[in-house]
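One chain, subunit A, links the two complexes that follow: it is found with subunit B in the first and with subunit C in the second.
This part shows the complex of A and B:
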């Protein structure tokens, strides 16, 4: 197996230029019982060539953010307010048909259920060809398509003959590699990877993440990694956002957030994740579960579970404030978090 | 594939022998034999009865009879019909079978085609106002007491509206002194339709292979439909027996539609639920994320996978052939094997009844084989070795 991205188109990157700007995005699901506030006032920017991570327990709205960006939300979802700007253009203002032509060409996605991303009745190659047929209609001959797909497969370390196989003939890891190959098919500017390796075993998980990271940097793409496992994506991202109950509670350079988390939730989440690669950490309990977003807690949504919570936290919602160096935290007591460790040890 | 087919054929043959044995046993369980029924007839002398027993092999020991019966069957000889003496059972069946097959095949093909299309569309356009109406109609058709429904259909369209003839296969008055034989003409109609179907299928394959653009493909497909269907109609329009053919066709409509509607309702509901299930699959979300047009997602991804359970039901509906056939054919006095079976049973024409059952068994087995092959074509995960 040779892995080469040399034959794929690479993009010139200006890391200071914003590619995707998510601006005060609010998205709710309407259900019989009321509105689920799944994405509440989320703001972050992905620059050219940047890898951004989103972490949080399951049910915190990460997938909802991802689907919002692609406008792939279920019918009961409603964009309440905010903008999603790709290269300065608000995706929410596009018509359905315009948005359809952007999908995969500008933003591709590797799904949470990537194991089942393949339609079982078609050959994998034909399912990739479908993308080329849609977005490069009439621009590629059948042979050129084949050649291109073989290059894509080479880039993710799969032999070209596998294109003629059916999905069930692939192992889990191979299927996921093939999904990544498909995501690269139109050289998108941005890839959203929602729990791309969650269902895989640890070794394969690690391999695939590293390869994805390498391909992404070499091709000059931006990427949004989504995971509930902070340790997994800390290794491959430049910036890291922590989501809790539909809100972004902390955002900043990965090194900062990972080494010195300032939001109590980020801190506890990090401490409660066992790390296989890093040094052994003290496991601290993160008790309870994320709230029901049909009726989220008032004030800071984390306050019922927070060891620092005061009366103010239950009433007033903390803003996502910059504490320097592009590090933003939504907590009234972020300065006390270093004390948390001591408090916990006692 | 070849090995699979060979093995299946052997299996089918064995299964069929078992089936035939059961039929034969049932035959033996009847008191007396065919010749007994001739005893009371003063016109038939005793010697004839013995001769008949001898000729039919009824004087042989049971196991010899059994073997003879089975081997004869495979030679296509099913004995002599009692009620239509001296006609062969096979001749009688052969006369009636095409009518039943046409009735069923047409009704089933149209019902599945339309049921699949409408089930697909209502599942795709969820929540539309027509959805409720379709579901209601589908449930009605699926659960309705079929004989009652057939009579209502006949009353409404045959009697009240007078659009279609009420019963039978041909109009006797029209055919009086006709230079044509209804059975021959009917066979020609079947053959021409089959021919056109083959041409259509080959055409579709060729179009798929050689069309370069999507619009060109759609155009060619329309042209193909026009040429084949138009050609068929034109051929029979110019045919000298045109009024007779039209008469047969006219008689065929109501039973086909009645039988078809029931299958249609079931197929539509099944397709809808299968479609709703596939629409929730991850690969549909992937297909949408890929930016594929809605029509492609609906047809190529969702509907294609919803086809699998619908195919299963198509096979299971083969079992309906006997029951549905008897009811439809009785209500509409359609002279097919269903009606024949009913008559044969009522006058204790055991050889004929057994023959019809045996033929139905063969059809069901072949249907299952076809379905199995179809599965493997539809679903690559199912392997045949």
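This part shows the complex of A and C:
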């Protein structure tokens, strides 16, 4: 199987130009018991051609951020404030109808669990055709659509005949490839990949991630990877944001954040990931459980579990402050972090 | 910490263990096809040792684990289990003996949400093995449960005794599962992906807890996982499975540093590393595991192997051969590949 993106539309990339700006986004879910503060004051920028990762544990708000960007939130969600600007235009100001024309065409999403992304009773090709019908109504003949879909499948390493198959006839890895092909169907500027390889075995995961990376680079797309798997994020992203309890607690160039994590939570998360290489380090467990977002802690949301917390942390919320080189940290005590190694890794 | 399996008499001695599942093709037809889920594997586990069983989904690692605790009947082979005076081939014991055997072994499952009855309290759940085996009075059982809850870090234990699973977080539930597994003081525990559903920070504390308890109580583990990095932290030795066969087995650091089977090499080079500056060696094989339905006699890995040669095509599946330092490989070309 050869992979080619030759026949797909490529884009010129200016890596200094912002494509997506998430600006002080606040999003809450309303439930019977109250308001869940799921995304709180999240700000970051995705540049043209850039791969950004969002990591954090279950319930930290990373998938909520993704769904917010797609405006695919459930009915009980409410955008409280903030902007999501794509090429300067605020997506939150668009009508539902306008947003529908942007989805897939400007922003596409690769969902978690490829099994559930497909309708089991339709052929995979027909489901991709539906996306093309929505966005290029009357602009493409049936044969042109077929040709385009075969190019998409070739780009993700699937034979064209597979278009005539049903989802259950695909293996897990092939299904995930098909999901990526569908995301590429309208040549979006931005792809959001939410745990794109979580259910796959490592060898298949490795292939999918490599191909996704290659397609993204060659087509000049930007991508947001959302994952709980820190090792995956380390390998595929240029910039990285660490989320905790609905907040972005650290953001910066991936190599910089990995080399010098400054937020105590980010530090623990990154340094306690088991690895098959390097010395077998003592891993640092994090005590306690993430907070209940119906009533998040005052001040810094991490303070009840933080070994460095002081009185100030319980009262005042630290801003996500730039500490140089695009590295931003939301912690009052980030400068103490050189001592972290000693304090945390015993 | 590494326990050499040769010095002491092994706790478990598994010989030529097999599990074949028939594929039914209609009501009255006799099955002619079998999935060779586990196809003749042999290994030993020393007292206090933790053996990791790694491989991709469908390689037979969970089936192996289930057979070792008699949740599944083997098709063939022997499982000799020794615990003090007790020495039996548990692959061939009757129903009456299974209950006695089960008081000595336990299992921890992957999903802490599914492995517990939602309508039973933590006390009921943890004390169930005691009740089944008729151990102690209710009061003694309660004391034992309290002791265990404390041991697994659910403190104060009184607060957890009469709570229900849905009131606990995933990490807390897995602690309850560990307490339940240890309540009978077993010699041997099969842990099937016990941390793969948990978040990173919780995962570390459960891993630490399991290691600590194993050391203190002298429990042996068969630790089943797809995650080689986790196996590195939990296991003294690891065995790599591929399509029902063990293709490589040896001390953990030795296998990770010097993998000798082409499959192990591929598996290791595919594992992402949490360091953005690290460059992995490219994976030499394609993904997608083949199916183990009536497999051909030659090496199981032959279709995907970049080193397959004449010797591999004309001979049966290679036996596990010790290459020194307790590191054994099932590959005809292991020596050539290593150099």
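One rule holds in what follows: the second predicted complex is superposed on the first by the 337 of 346 C-alpha atoms of A that agree within 3 Å, B and C clash if a C-alpha of one lies under 4 Å from a C-alpha of the other, contacts with A are read in each partner's own complex, and residues count from 1 in each chain.
Following the convention adopted for this analysis, a residue touches a chain if its C-beta (ideal position, glycine included) is under 8 Å from a C-beta of that chain, and two chains touch if they have at least 3 such contacts.
Note that the structure is a prediction, hence the values are computed from the model and not measured.
**Q** Given the alignment on subunit A, is it a clash or a fit between subunit B and subunit C?
**A** They fit side by side.
**Q** Of the two partner chains, subunit B (first) and subunit C (second), which one does A:168 touch, if any: first, second, both, or neither?
**A** first
**Q** By the touch definition at the top of the document, which applies to A:57: first (subunit B), second (subunit C), both, or neither?
**A** The answer is second: A:57 touches subunit C but not subunit B.
**Q** Which holds for A:204: it touches subunit B only (first), subunit C only (second), both, or neither?
**A** A:204 sits against subunit C, while subunit B stays out of touch.
**Q** Using the superposition on chain A described above, determine whether A:219 touches subunit B (first), subunit C (second), both, or neither.
**A** Neither subunit B nor subunit C is touched by A:219.
**Q** Which holds for A:119: it touches subunit B only (first), subunit C only (second), both, or neither?
**A** First partner only, subunit B.
**Q** For A:255, select first, second, both or neither according to whether it touches subunit B, subunit C, the two together, or no partner.
**A** Only subunit C is touched by A:255; subunit B is not.
**Q** Subunit B or subunit C: which reaches more residues on subunit A?
**A** Between subunit B and subunit C, C touches the greater number of residues in subunit A.
**Q** So, A:131: does it touch subunit B (first), subunit C (second), both, or neither?
**A** After superposition on chain A, A:131 lies in contact with subunit B alone.
**Q** Could you give the angle made at the Cα centre of subunit A by the lines to the Cα centres of subunit B and subunit C, to the nearest 10°?
**A** Result: 80 degrees, to the nearest ten.
**Q** Nearest CA pair across subunit B and subunit C in the overlay: distance in Å?
**A** 10
**Q** What residues on subunit A touch subunit C, complex-wise?
**A** Where subunit A meets subunit C, its residues are 57-58, 171, 173, 201-207, 209, 228-232, 234-235, 237, 254-255, 258-259, 268-270, 272-278, 280, 283-287, 289.
**Q** Which stretch or stretches of subunit B touch subunit A in the complex?
**A** These residues of subunit B touch subunit A: 126, 213, 281-283, 285-293, 296, 300-301, 304-305, 378-381.
**Q** Of all residues in subunit A, which touch subunit B in the complex?
**A** Within the complex, subunit A contacts subunit B at residues 70, 72, 75, 100-105, 108-109, 111, 113-121, 130-131, 134-135, 138, 166, 168, 182.
**Q** What does subunit C use to touch subunit A in their complex?
**A** The contact residues of subunit C facing subunit A are 56-57, 169, 171, 199-202, 204-205, 207-208, 226-230, 232-233, 253, 256, 266-268, 270-278, 283, 285-289.
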